[in-house]
Structures are given as structure tokens and as C-alpha cells.
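Shown below is the structure under consideration.
Per-chain numbering from 1; labels A, B, C and D assigned in written order.
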Amino acid sequence: MPKMKAAVFVEKNRIVLEDKPIPEVGPLDALVRITTTTICGTDVHILKGEYPVAKGLTVGHEPVGIIEKLGSQVTGFKEGQRVIAGAITPSGHSNACMCGCSSQDGPDTKHGFKHIGGWKFGNTIDGSQAEYILVNDAQANLCVIPDGLSDTEVLMCPDIMSTGFSGAERGAVKIGDIVVVFALGPIGLCAVAGAKLLGATTIIGVDTVAARMDVAKKLGASHVIDFKQGDPVQQIMALTDGRGADVAIEALGTQGTFESCLRSLRPGGRLSSLGVYSNDLKIPLDAYAAGLGDIDIVSGLCPGGKERMRRLMEVVASGRVDLKPLVTHHYKLDQIEEAYDLFANQRDGVMKIAITP
Amino acid sequence: MPKMKAAVFVEKNRIVLEDKPIPEVGPLDALVRITTTTICGTDVHILKGEYPVAKGLTVGHEPVGIIEKLGSQVTGFKEGQRVIAGAITPSGHSNACMCGCSSQDGPDTKHGFKHIGGWKFGNTIDGSQAEYILVNDAQANLCVIPDGLSDTEVLMCPDIMSTGFSGAERGAVKIGDIVVVFALGPIGLCAVAGAKLLGATTIIGVDTVAARMDVAKKLGASHVIDFKQGDPVQQIMALTDGRGADVAIEALGTQGTFESCLRSLRPGGRLSSLGVYSNDLKIPLDAYAAGLGDIDIVSGLCPGGKERMRRLMEVVASGRVDLKPLVTHHYKLDQIEEAYDLFANQRDGVMKIAITP
Amino acid sequence: MPKMKAAVFVEKNRIVLEDKPIPEVGPLDALVRITTTTICGTDVHILKGEYPVAKGLTVGHEPVGIIEKLGSQVTGFKEGQRVIAGAITPSGHSNACMCGCSSQDGPDTKHGFKHIGGWKFGNTIDGSQAEYILVNDAQANLCVIPDGLSDTEVLMCPDIMSTGFSGAERGAVKIGDIVVVFALGPIGLCAVAGAKLLGATTIIGVDTVAARMDVAKKLGASHVIDFKQGDPVQQIMALTDGRGADVAIEALGTQGTFESCLRSLRPGGRLSSLGVYSNDLKIPLDAYAAGLGDIDIVSGLCPGGKERMRRLMEVVASGRVDLKPLVTHHYKLDQIEEAYDLFANQRDGVMKIAITP
Amino acid sequence: MPKMKAAVFVEKNRIVLEDKPIPEVGPLDALVRITTTTICGTDVHILKGEYPVAKGLTVGHEPVGIIEKLGSQVTGFKEGQRVIAGAITPSGHSNACMCGCSSQDGPDTKHGFKHIGGWKFGNTIDGSQAEYILVNDAQANLCVIPDGLSDTEVLMCPDIMSTGFSGAERGAVKIGDIVVVFALGPIGLCAVAGAKLLGATTIIGVDTVAARMDVAKKLGASHVIDFKQGDPVQQIMALTDGRGADVAIEALGTQGTFESCLRSLRPGGRLSSLGVYSNDLKIPLDAYAAGLGDIDIVSGLCPGGKERMRRLMEVVASGRVDLKPLVTHHYKLDQIEEAYDLFANQRDGVMKIAITP
């Protein structure tokens, strides 16, 4: 049985490169040879043991590669095509999928919903930080890369871009909106780009790292606020003549940013939450107008599936959003343990690392 | 190779019962033994040669039955379960399906949309007026019948109920709306029931057949209008103090009813079209306010898939809508040619005919 | 200057009936002679000093009466007409109003939003527990009572019905939904009725008072759960085969019910919050799937304005919802202090009290 | 009584500059001294007698000016402020306004809807092609111009920009959409800009005038098609690999463009109609998939009111859309008859003419 290299979760604080068998291809699967992948903040949660996965699982959920072999029931694709698949790989046929909630894709039991069930790669099945990945429900999830786009250009599509954009989409950003984005990591930066794509005219990014604030401006932020230079809520209120934001996007996953989002909103505003939280959240009574403020708090996992991937790659191909500046480092798969070390400790201004076998 | 009886389109004006092989079950299919099915107005269009299908095709798209055999890749169901499938059997994995437009389900080519592509049974693959039917993409389309519901009670779910309700849903009926439904055949009657389910408080049904108008009242019409007793638009305006309807549902497929719908709307109203038209339509300039009236004209094929079927059967099980009165006649499959004759000529007050093998 | 009786907030725990001048009618106002009004839970918060209002303010925000005098700029109404006005009386012309957020109606400054700004009666201007009330922005807020409806029949429209229904509307209840309503006070009962109006097929009411659970069944609950008979979340999961609710409506304003709502939802479900909270809220990490569960938490103040009132009275007139059983007691305005005592202490099975001058 | 110059409709083919009294200011009005206005295609319809208005009416509906005098009931503004008002000046308090349909603003009778009732200036009351205009319901309609924006920069906001953008908004353009715009006059050009603002990645403009096609590219068209170089539907299908557009925007008002829009759509697509038609429209059966194609045809009058105007001016202030290239000519009010002659005959590459008293 032929072998491949794969980054495997062994135990808390240990993700190591191991040899694993190249997987068998079932009728509905596709085997994709990875040409580029990357590490996500969620992978660091796994590394630290904060998010549990099975020992021996291959991690990673952002695959760019080439179709090596198609399952017998998969049609419309050809071996050798360059493809991506989303971090979320819905089946397409659960009840959740069939009512527009495919990120909560459940098993084919009576009801068919499961919390975070759409996220499979590097969570419940082997992931993308390897030489090969088996894509489940390939018919629903493979998406051919348009000619002329490099791996690096589409590397953000499977997760970061889909997530960040969904923050603006779920926030229902409208033409002329004031949008504030708390935390300008890769997801927050994509939320800035998404808010711009949907017609926001005032986009305020909040962070303290100069390099990130610079990228935010390139991606569409009209203003950036350094939260170390004063209470960010007060800065936002000053910038908006005391009005507050129509939409506030949380892109970090902490009580502080969640609460600042709430306090930054105008009455009737919308908090769109993207962060992965590690603790219970508190909704302060005053910031919530005791429940009478027409405030909506929306949240969710990034959308996946081939149609989502197609649209995101169209955004890249059209030149409307350029996320290459987010890819700050390049590593070989052989060096992935070093890459984790760099990324987990956020050294050297790292945003995203392209990993190539 | 074992044989079964099937109603087959032979040529214009000839649908006949023939022996056909019981189909082979592919990995993604389910073979369902039909226990009850019915004839739709669309089948009559096929019979008359007005809607083209391949010669030799088994017609019918409203299956109620028992799982006889499951494909090797289909999980979560058991042979012997009582099930229905929708008239529309989407794949779940085309681009159309993955962006919420599964009735226009296309092939797995680059773009994945096809006009009316979700309708397969009795259109592009063999249908339900037979002893057995092969359900494509069974994982996405089989839906188990809740205990305690008879075949007759769920017979309207696959098409008529889904279509009629979608007229109210696409019309975006709101609490307190005035809704008018033009034509009270089975679909119009289900549109009445759908408008009631969504909170309309004035529901005006238009027809001229007393029996249909009576059923409309049972299903939720607050008023019925006989179009032979005077211009229905004038009658509607009189009933609504000159205001007009928020939503007008077209349930016949003619220029007359389409145009009357438009003329029945208040400014800013919504025409929801369910009919299958046979001719070009005209939008009169005055009824359309020259394009400046904030009038929306929405249309579509009924939604299918197992989640839709589940919800419709819940409506039946909850007792909120009782469509048994629509089933006016019962025939054996052996007598299907007579059944077509009765139905096509709309004799004997026929609304829907239950066909049992 | 002619005088009238009015229930006035004097200080914590003292609302007393006093003589006040009948107000002058400005150009945009209408003076309405109250024929029936009622006491709301919010009024009890005011009585107890939990919600601050100016000393000397007339309380109450649910007016039914007769137009006594119209302001010079108010057209389309006649003195002597029976009318209601909503608890929320938006101006119609603030930026908030003009973007569909009229409950957060703000002043005519640059931005025009104010938290809870649409609620004026008995909050920022004199209210309805008096012989007369001055309706601000009368053109936007007076709504004529349809012939044949009694005061009692429309008494719930200004607040309770609008609030309860909005719980179902904001929850985006769909045909075939499972909806759970936590707490079956008047607002929760109206939420049950609203969920039914929008097509829910399983409606589960949670409370412990038998009389309220009985009314819930009359208004549309398919199931009622007594939270004293076991953990209500477990009871809901048992009733729904472990699936959970599509929509959970919070109708009390406590951490316990808020949290139980979250825990009752299916993945991707929607919490619609109606309660007025007195403390910070906690979102438990697990119930929120760490922010990745596609869970929306929506909230808001009840919609007001004359079009809303018109539609709610149409619901009553159509006979689709009968809220008379909620009016359990009748008092004269002269006895309003006793009425407050009864209502604040929830004695004698009181739900709502009709107050007549 | 002081006089002013005003362009008045006298009879078919005669709009002339006359002296009229400067209007009296009622309690709810504002008198605005016009500093810039323009001529719209609709005004040409009036001139030609194709759209009936009262003889003696001042025409024009695109006012930019300075508040000269405020009505006694108008607050939050100051005389001397630079303002615009929309072409549509809703009351804010009709039933139509209070349910989000303010362009069909009706009288304060029972129901409150009127076809095109929101359009008042130069239609049912005196308009903007004059030295002064009386703004009805000023509280709902005046919007202060942000510092730093010139008259020319905001001159498109009252009508052209609001209309064009609404074509994209009603079309529900999404990130990654393919949008086609038929006819690149000022409204079509604004529709291009609107589609870009909402995230479309392929925007195809159709016209034959090179100058307009050039402006379309500047405003966001990724492709332009000359309909004289071959059937535009075929060209669109070629550009989109046979898929068709998600949204087609009609911006001319003819059968040809309407029908080409329909034929350019993918199954399940959306036709957003902006044109003012002069004749009945035909929906070809095949292009409409006999009513089963999930095709929506939406239409409407441009949104007005001060919040809309505020947002549009924010778009200008943010630099996201620059419509100055649309203003090709400048005339004095004294020369307005010449300006009509130029504009009606579309000479000299005219797009929009700035008129200044």
C-alpha cells in the first residue's frame, strides 16, 4: 500500500509529520494530490488540545491540488484538473443541506442536523496537511480552479475568505453602511474585503498591529483604529458622530471584542460573529438595551461546497479582491512542524503560511 | 428479467399500460414499489402532445410506496419503509442545488443549471404510474411517511401541495395580507391553504365551479368569487374597498387569469405565478404602471427533496391542512387509461384520482 | 383648563390617580378619549422603580378610544372615530423610521436612531391610563377600529399581540417548523398564536400554570410542557426525537429561559427574544457551539404605527386569533391602584386587566 | 407676492420658462432655493405629451439647493443649509410608507397606497426646474449635503443614482454574480455601478454608443457588448460559457431589451426592470420556461426619502462611485428650453445636463 506524508495530531502540543497510507477511493470520493495548503488558527487550537480531535487524524482543511483519482460515481470532472474544496464539505443531501444550512450538515437519520457537521477535513476525517486528501462527497465539493489563477491566489478561498465574507453577508451589509471589524487577522481582513464588496462606505478596522492595519486599508478599510490608543468604542463613536455602526463584525473570539462590537452598534444594528470562542459570553444589559434594542446577533461556520468556491474564485479572478498579501510565508510540508511553531507563536509578522509538499 | 406494469407515453393522445422490466438499482438509487400515485394536469399536457417527452417513457411524478431495494451507497433508510418522493428530485450536488435553486437542477458541468431540470420523474426518467419506480439520488429524495398517515393523506405532498404552498411562499404572504387566488383546481386550492398557513386574513378564491369553491372555503378562503357573476377584478376591488390584494396567485396558466391577477394587486403588490402557460404572456402597460408600480412577478417549479417532503407531511400530521377532499376518485392502475379519460375531460367533478396497483 | 384623571408615577412603588390638565392639541397631534386601556408588565417595572420614568408622568401605553380632537395638520380622520394607537408611536420621518427600524425612532438630528425611541407613551410622554391621551404624530399612528370589534377584542393589539407576533416573525417561522415558546404569559401566548399564524406545525409552550397552558392550547400549542415536571430542554428533545426546535421564543426575560431557549434549538436554529431583561445575559459556550453553530439571536421592541395596527385588527376581525380569554379582569380607572396591586402580585389568575374610565 | 423663474409645462412639445409666485411655506414644508437641477428622460416624456401632467405645472424632480425657509413644524434643520431631496418625496406616514413601500405612497385614506404616488415633484406638485421648490413633508425628505461635496457630485442622487442602484438591489445581486445591464444611459450606468457595489464579478453592459460603453467600464463593467455587432443574447451566452446571467437589469423601457433580459438569464435568474415602458410587454413562452423557470421579474420606482439620500451621498463622499462623468453639459435656467432641445434629441453626446439658476 503506497504511503504519503501527513501532519498528524498525536497528542496535546504534538502535531508531527508521519507516513500514512494513501487512502482508498470510494464511489463518491475523489483523491486529490495536494499542491498547496495552509495552517489555520483552528489548527492551533487542535495543537494545543483546546479543540479535541482523534489521535492519529491528519489535520488541515484548506486544500488546493490536482485530482488524482475520481470515485466511480463522480461525473463531470477529470483526473488531472486543478481543484480546491472548501473547509466545509457538505454532503448535499442531508436535511440540513436541503434547507440551506449545509455547514450544520448532519447524518442521514431522521432529522439530519449536526453542530459544525459540515466541517469534516482535519476534524472528523483526514485533512489537507498531507500529500493527498480524500474529498468526501466529491460531486458536491470539487471546484475547478479557473485558468490563470495560481495556488497562492486561491489558497484563501476554502476557509478564510469564505469565513470573512460570510461575516459581511450574515451581517446583511447594505449600500452606504458603516461597518466595524474587530481584529484584523486573516479572517477580519477578509471581513473588511467582504464589507467593501457589499457596498459599505465606512469600514472601520480595529487592531493594534501596524502591518495588519495597512493591509486592512488596502482591502477596503476607510479607517483603522488602534485599540491601544484609547477605548475603541469611543473612537468609533467619535468617527461616526455618535451614531454607531450598522454592522459590527467580531473576528477574534473573545469577550472583549464581542462586547465592544455590541457597544459599537447603532440601535437596531447587527452583530455578526465569526470568532471561535473559548469561554461563555456575556451580553451586558445596557449594551443590549435590556433586549429591546432590535439588535441581532448572528453567527456561523463558513459556507462550503463547490458553488461557494466557484463564486469566491470568481472574486479573485475578477481582480476585485487580492488576498496574496495575506500569504506572508512559504514552507515545505517537510517543515510543517516549524511552520506550526512560527504560526502558533505569531512570530515574524506571519499571517498565513503556504505549505507545499 | 422481471416485469411490471407501467403507463407509457406512446404517441400523442395515447398513454397505455405496458409491461416493462423492473429497473436495475444503481448505487445511488432506490427502487420503490408504488402503493398509490395520481395523475397531474401536466400529465394531460403530455398526453395531448403539448409537452414533449420521449416515446416509451413511463409517466407520472407523484409516488407513494414502499422501499423495495436500496442502492449500495444509500444509507439511513431500510427496505420496507413507507416513503414518498417529490415530483422534483434534485441531485443535491449541482451548482443549482447548492445555491438554493434545486428545481432548476442542472448537470454536473461547469455551471450546473437547467430549466426545469429538477423535474425528472415522467419527464426525463421513468415515472410513478407503474408498479415500481426508480428514485434517483435517493439519499436526497426519499422521505419516510410518519406513522399513522395513510397513502391518500400524503398523496398531495409530492406535487400539488408543494406547488400550491410555494405560490403563497414565493408570494411572501404576511400576517394580515389580502390574498387572491385565481382558479381553484387542486393547485389553487393548495395555494388557498398555503396563504392561510402563512397568516393571510382575507383570502379570496376565484372560480365558477361550486364544489371547488366549497372546498376553498374549507381550506381557508374567507371569500369566493364566481367569475361568471361579473368581472372578478371589480368584485375583488369591491370586497377590498378599492385597495386590491397584497398578493395574487395565478393557478391556471392563461393570459386571462395572469392579467386579472395583475389588475387585482394593490400598488407594490406581488403576483405569484403557478400556472403552466401554453402561450406568450402579455403584461398590460396600465396594469403594470408602466414599470413603476413596484410590482414583482415571481414564478417557479414546486420545491422537492426530502426536507420539503418532511415538512409537508408534518403539516398533514399536525392536522392543520386536510387535503383528502381533493381525492375525489379511486382507480386501479389497470384502469389508468379510463382514469386519464375522466381526468383529461374533467368529468364527474374530478379533482384528483388515487391510482393503486 | 379642563382636568382629567390620570394614573401618575409619583415615586417607587407609588402610581396614583391624579387630576391633570387635558392636554393641548398641537398641529400634528390627536387627542383621544380613552374608552379602554390596560396594564402591562412594563408598567409594573416602572411601579417598582426598575425602569426609570420622570416623576409625574402618566403611565400606560395601550390606548383604545375615540378621537376627541385632531391637530390642524392631521387629515383623513374624523373626530368621533373609534381608534387605537400602538404602544410604539413612530414619527414616520426619522432615519430609523425610513429604513424600517421605527421602534428605534430617533430625533431629527443627523442620524436619527435612539434605543427604544419608538416607545413614547408612558415612557417619555404621557400615557394611556387616563381619561385622555395625546397621540403624537397622529397621522402615522391612529388606526380606525373596524366595525363590529369591541374594545376588549382589540385591546391586545397595541402591545401584547404586536410583541408576541413579532417573536414569531423575527424568528422567521416557516411552514412545518418546530417552535418552542418559553413562558406563557400574555406575550408568550401571543407568540404561540403568531407561530401558528406563520405555519409552525409543532408548537411547544413551556410554563407551569395550568390555566395558561390551557389557553396556549386554544391558541395553537400542539404541546405544553410543565417545567416543574422535569428539565424542559430534555422534555423538548424527547418530544422532537432529539432534533430540537427550529425557533425558540423567549417571553419572560430571565437567564434561565434565555439559556433554555438556546439549548432547545437544533443546529442552525434561531432564538427570538421578547423578554425585558433585568440583568446581564450569559451565552454558554457549549449551547452556542463556540460560535460556529449558525445560531442567530434576534431581539426587538414590538412594531407600532397605523399599518401594523390595521393588520393586527384584521387578524382579530378575521376570527383567526381570539385573545379575549387573555382579558381576565375588568376595573374602572378609579380603581387602578387596586388593579396594579392585583396585577403586580399576579393574584387570582390575572392575565390582562381591562381598565375603563 | 415675489416671483421666480420656473420651467412650466404648457402643452405638448412646449415647456417654457415663466414667472410664477414663490410658493408659501406651510407648516410641514421647506422652501429650497435651487442651486442646481437637471433634466430627466421622464421630463422628455412629459414634454412630448407621453406622460400627462397638469398644464402650468413646474417640471423637474432632481433638486439641489439651500434651505430658504422652514415650515413651523419642521425641526432639526436650519435655514441656509445645503440640501438635496429625492425625486420621490414620501410622506412617511401613509400605510404604504409604513410597510416599506414608500414609492407607492398613497393618501391618508383607509388603505394608503397609490401607484407611483411617491413621485410628486414635477408630477403632481411643482418641481425643481425653477429658482425655488417647495419640499413637501420636509422632515422626511430634506437631507443635508456632507461638507466638501459639490452640487455636481450629488446631482445624480435624487433620481438617477437611486434608480440605477435599486436595479441592482431589487435584483438581489450577490457576491460573485454575473449581471447584465441592457442600455447604458445614465440609469443603466448607475445600475452598473450598483451591481459592482453589491459584489458582482462579471458585469456586462450592452449598448452601441462608444462613449457610454467607456463610462460603463469606468463604473465597473467587466465587459461591454455592442448590440450592433451581433445578437446581444448570443454574445452574453458566449461570454458566460452558455450559463447566462444571475441578474439582468432592463434600463431602457422597450420590448426588445426586456425580452433580451429574459433570454440572457440562467434558469432561476432575476430580471430587474427599471425602464419606463410605453407599450404592453410580451413575455415569450420559451424565455419564461412556460412559467416553470423560477424566474422573477421585479420592478419599481426609485426609493426616496432622506435616509436614502444620506446613504447615496455617503457613497459619493467615500469615493466609491464617481458620477461626475455623467454630467456632460452645463446650462443656465434661462437657457432651459435649449437644454430640453439638446437633451430630447440626444445631441452632442449628452448624458446629463446641470442646470443652474
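Methods note: a residue touches a chain if its C-beta (ideal position, glycine included) is under 8 Å from a C-beta of that chain, and two chains touch if they have at least 3 such contacts.
Quick caveat: nothing in here was measured; it's all calculated off a predicted structure.
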{"item": "Shortest walk length in steps over touching chains, chain A through to chain C", "value": "1"}
{"item": "Option in A-C, B-C or C-D whose residue-number contact pairs overlap A-D by over half", "value": "B-C"}
{"item": "Cα-centroid distance, chain A relative to chain B, in whole angstrom", "value": "40"}
{"item": "Per-residue multi-chain contacts in chain D, two or more chains", "value": "110, 310"}
{"item": "Chain contact graph, described as a line, ring, star, complete graph or other shape", "value": "complete"}
{"item": "Residue ranges of chain A in contact with chain B within the complex", "value": "27-28, 72-73, 75-77, 90-93, 95, 97-100, 102, 107-110, 112, 137, 139-140, 144, 305-308, 310"}
{"item": "For the chain A and chain C complex, residues of the former touching the latter", "value": "96, 101, 103-104, 106, 110-111, 113-117, 119, 240-244, 253, 266-268, 273-285, 288-301"}
{"item": "Footprint of chain D on chain A - complex, ascending", "value": "165, 169, 174-176, 194, 197-199, 201-202, 222, 310-312, 314-315, 317-318, 320"}
